[in-house]
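Per-chain numbering from 1; labels A, B and C assigned in written order.
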Amino acid sequence: MKELLTPRERFGLLVIDEAQDRVPVFPLVTAHAARVAGIPLRDYYTDGAAMARSQLVAQESYGTDFISFFSEVGLLAEALGSQYDYPDDDLPLLRRPKWGDLTALDDAVVDPGRDGRLRVYIDAIDYAYEARGDTVPILAYVPAPFTTAQQLVDQEAFLLGLLTEPERVQDLLAYATRSITRFCRAIIGAGGLPILVDPLASGSVISAEHYREFALPSEAEVIRFLHRYDLDVVLHICGDTRATIGMMPESGAELLSVDRIDIPEAVAGAGRRCRIIGNYDTSAILLSDAATVEREVAAMVAAGRECPMGFVAATGCEVPVETPPENVRAFVRAAKQTGFNSDFGRGTATAFRRGKPWLYPLPERRIP
Amino acid sequence: MRAERDREIEGSRDRVPEWTDPKPARVTFDQWLDLFDRVPDDLIERYHYYGNGEAWSKYLFPPQMFAIYGMRHLRRLKFDNSLAALRMWGFVQNETERLFRARQTGRRVIATLGDLGAVPVIVNSFPGCVAFYPDCIWWTPFAMESRVLFDAAAELGIGDATCFSRAALGAFAKHSYFPDPDLVIASTGASCDDYSGVEQLVESFAPDMLWVEEPMRCDARPTGPLQQLLVREYERVVERMETLTGHAISDDELRQGVHKANRVRKLVARLRELAFRDAALAALEMMVIEFGNLHYYSDMDEWTAVLEHLLATAEGRAARGERVLSEDALRVVWVTPPADPLLLTYVEDAGARVVGTEYVINQALEVMDESKPPLEAIAESFMAASLIGTSRARAQSAIDQARTYGAEGVIISGIFGGSHCAMEGRLIADYVKADLDLPVLEFDVTSPSREVARQVGTRIDAFLEVLRSRRGLPRLSPAENRGCTHPESRR
Amino acid sequence: MELIPRATLEQIRQERIEEVVASRKQGTKVVGYFCIYAPVELVQAAGAIPLRLMRGGHAAAEAGERYLRADACSFCNACMGNLGRRTGDEGRGTEYSQVDAVLSVNTCDMMRRLPESIERHFGMKVLQLYMPRTAEPLPQRVAEFERQLEQLAGELATLTGSAPDAGKLEAEIAAFDRLRGMLRQASDTRRMNSPLLSGGTMLDLAATAWLLGPVKAASLIEEVLRMVAARPRPETRRPRLMLGGSMLTEDDRWLLDMVEEKADIVTDILCTGTRWFSEDVPADGAPLARLARFYFGRDCMCRRPNRALYDYARKLAREFRVEGLVYKTLLYCDPYAFEVKRLREALGMPVLHLDTDYSTENREQVRTRVEAFVETL
């Protein structure tokens, strides 16, 4: 059925606190797009045009509201010197981090045109933007400093360092941030909207205290950089964020993409300050039947659309590569139907009002 | 009059001591990102619209921000590299958001259609009211390189062989380019049929629309009685606004509204002079500046401040003998605004510059006579409107500017299927050739695309070759003709 | 079989043109006009002969492209073409060859701008009448229009040497009202099933009657009414259609013939059809004021808002038991073309929309569409 608004028009209303014709729909279709397009995974994450074509096919096929580029969290770390294996039919795997411990850092800052596979993303963004940038927002996941740091240093050493060498951890975060902001700048130049992804900062990995001391300030630093361009920032943290949901708005992000937390809890914790994106279980979308997906997504959207700042119907994390397409279709169908706004355009639409200024006191700057 | 105008705007300069503009130049989209990196945070924090200090009302952002949100065409354009120009672009590109914020902050939003410059003077005199022209959405399909709004208009009955202003109808249907207005005021009469047709169909979105007559001007007849008709029409606008706002407007408030509008018009008059005579600003910025006279891009106070900033920049350049375009550039007058702004970039890249404009908005450029009662002053200035009279009158404006600024040619851009374009193009060309013996290029702007259509580009190139040859200059090769700054070679 | 053979009407028209030629030789001025907003009463009261210039045609439109662009509406191009050829072989014996001045009323934008091209290219005198396009009869608008009529009266007096005083105007109003009434009577015969008067003949009759003028036309129309009353109507019942769209002229007659092979055109909302004579000038007030109210109040798709035309269409559809609308627009005629979707919704009946110029190449395609349309009814 032909819709009134394009995804871009819909997203535009969401980020200026206006009601939309329906809830935007965003199952996190990343590498799964390669399967939809029949493109080998390895091509997907090593060839920008292949990555873009996959996303374009998937977006058109599923009727979703965003195109998003992501392969794995090690993207920046690889560009800085960590080593990854490229299996034929799987995503890149970390073989060896750049450093074995929190040793002295170098001066490296990535060159997005040359280092690692950053160029793949830039090319993909450019391709998709030229193809469909007028109607669909083009998003690019950027691994946040805290997650990137754990791909640069042996993870055990890093996590131990949170307790024993906090200053070195902060230095490493600042090091990662410099490259992340450089990469974000290149994404901006190509027409993409950076999304900050920080899965290794979830409650599944670290404590709430460590989140506040380390991950949150570094997220805020990147977001401050992005706010210089007035961009609306999505912060995605998959895993358990029940203990940190109340802090996440302090990062400055306008939209929070969540995973293992009930929607009402997410709304209660952050819904007055941020739009909530989420959060259908990725195991469920992989393993359930389509009817179950449809039923459960409808319930999720019914709860989520009550979020005062706005809601985007999404999965909690990436749609698994092997997800049956009919399940994704069921997700999209249920989300669109349940998220439909019959008041739109009738002069009675309720607008999401800004409750309070978003400028909360931000964690202290770390970047020199 | 000019001395008086200059005294009026004396002392209005917006100086930014913590920033020094680079030497004037037209820069690419990528180059602006580099320049923006140098802008200090406190400058970004300084400029807000609606006099609001909150973060959401900032607008000093680079073209990249707007490109990310869909304005793909910005990547092809060339921009003035001054801070004032950046501020102008950020302010103008921000308008959709600003209109929604207007509603959210309790302002009334009034859509004015058709007359291009008069009714907003009245609307803006009312407290808490913001006027805007959906007409200006005709640039949006080009800015986005998109058919979305045209397709929406087609579903409502308007096909492709019509003016691009049909995008406004598509925007009404979408409810996402501006908030549903509190009132729609549609002016029509001696006006373009395409847009009059759009207005009629817009009525289905606004059943309580107020229709205002635009009288026809005959060159040989006095305009006094027609002005009186207009005054009566404007009284109806006042009455409707009073009903809407519950505010009984005073004569003083209307006078104040005229005075503020005049301030904008005087600033723009001076900017035109500096641009046309001294190449202090380029054509793209000047088109944006001129069209600001219509509805002040929905925040008159802030737009006035933007203009003052631009004027300070332009005057500084003129005083230092700095130009944004070469002294050798071929001088052309441009008739009818190009819906595709890339055409202005193209022409300038090809070694020409615009030294005069007749952008169908003469009524918005005329300084109103403040010694008269306000509605009379507005009506009198509207009687100079570009489209209510003859093509001869428009041609005369182009001829006068061509003489003043030494133009070597005239470009007339039209739209295939546009009612006045179909009737006026040849006439204006004939008048210009008869009076000035200047070459005239007439062409139609083609549909939104990432680049200038080859057939149009070829015709522009050939036209400029003719101008060059009339100077006795040698022909350029195609590569030289394009310089190294062809939009296609952006990356 | 046609009630009046086309050849008969053509002969009447030619005879009338010859009379006009003779009158001109005697010093009578001829004022050409394009649309139903032209106050013919005023023209005639000033001692001039009003002639409606409403020929289209492919050759004329092509000839007009010397002066206007191809995307000017075909009728405007045809006007220029016909005026441009008026002194040549093609123009001899047409209304265009007899015009001393052109009276132009600003209806649509293209027609409003046509006079400037006429003056520039042909050096012809043009009398411009400004009529407010906005339709609500607010006092200031009607008053301005009346002032414009006064101005026009002065210009006509200069042209003819005879001022249209109140007495003459009163007489002309009465005469033209009689003509209108008679044409309405003729058109109303189509309320019956299986009407004898075809849509094509009705348009021809209207055009001929206006050419003849109120006095001479009376006998023609009376004869038509007598024939309608006397002849038996066919038993067969065919679909009843309404015709609408941009200015339809005798050069579009092929379309009416095509439609009427299978259906009856029982009414129309054309300015060359029923809208030309749908109402009389109001009876109360001074003659010029009455004329102002009358002409101001006429509906047209170009007026804003144009609800009155929709009301008129709905009324006719009801009264004439219309089953479908054939809506023919000229290429680039925006005021009419933009309204197709809205008309469909407003009338709630099948609508066949044809958007063409005067070229002849697409007629078989049109035939297919017409036949398919009629079959669906």
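Here is the rule we go by: a contact is a pair of C-beta atoms (placed from the backbone, for glycine too) under 8 Å apart; a residue touches a chain by one contact, two chains touch by 3 or more.
In this text the structure is predicted, and so the values were computed from the model without any measurement.
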item: Chain whose Cα mean lies nearest the overall Cα mean; value: B
item: Chain-chain pair with the highest tally of contacting C-beta pairs; value: B-C
item: Computed distance of Cα centres, subunit B from subunit A, in Å; value: 39
item: Centroid distance [mean C-alpha coordinates] between subunit C and subunit A, Å; value: 66
item: Contacts with 2+ other chains: residues of subunit C; value: none
item: Residue numbers on subunit A that touch subunit B, as the complex places them; value: 4-6, 8-10, 12-13, 16-18, 21, 129-130, 133-135, 137-138, 185, 188-189, 191-193, 228-231, 344-345, 347, 349, 351, 353-354, 357-359
item: Interface residues, subunit B side, partner subunit C - complex; value: 156-159, 161-162, 186, 188-194, 196-201, 203-204, 209, 211-216, 218, 221, 225-226, 228-229, 232-233, 236, 390-392, 416-427, 430
item: Subunit C residues within the subunit B interface of the complex; value: 67-69, 71-73, 76, 106, 108-110, 112-114, 116-117, 120, 128, 130, 132-136, 138, 140-141, 144, 147, 151, 302, 304-306, 331-332, 334-335, 337-342
item: Sites on subunit B touched by subunit A in the complex; value: 30, 33, 41, 44, 54-56, 58, 61-62, 64-65, 67-70, 72, 75, 96-97, 100-101, 103-104, 144-146, 148, 173-177, 179-180, 450
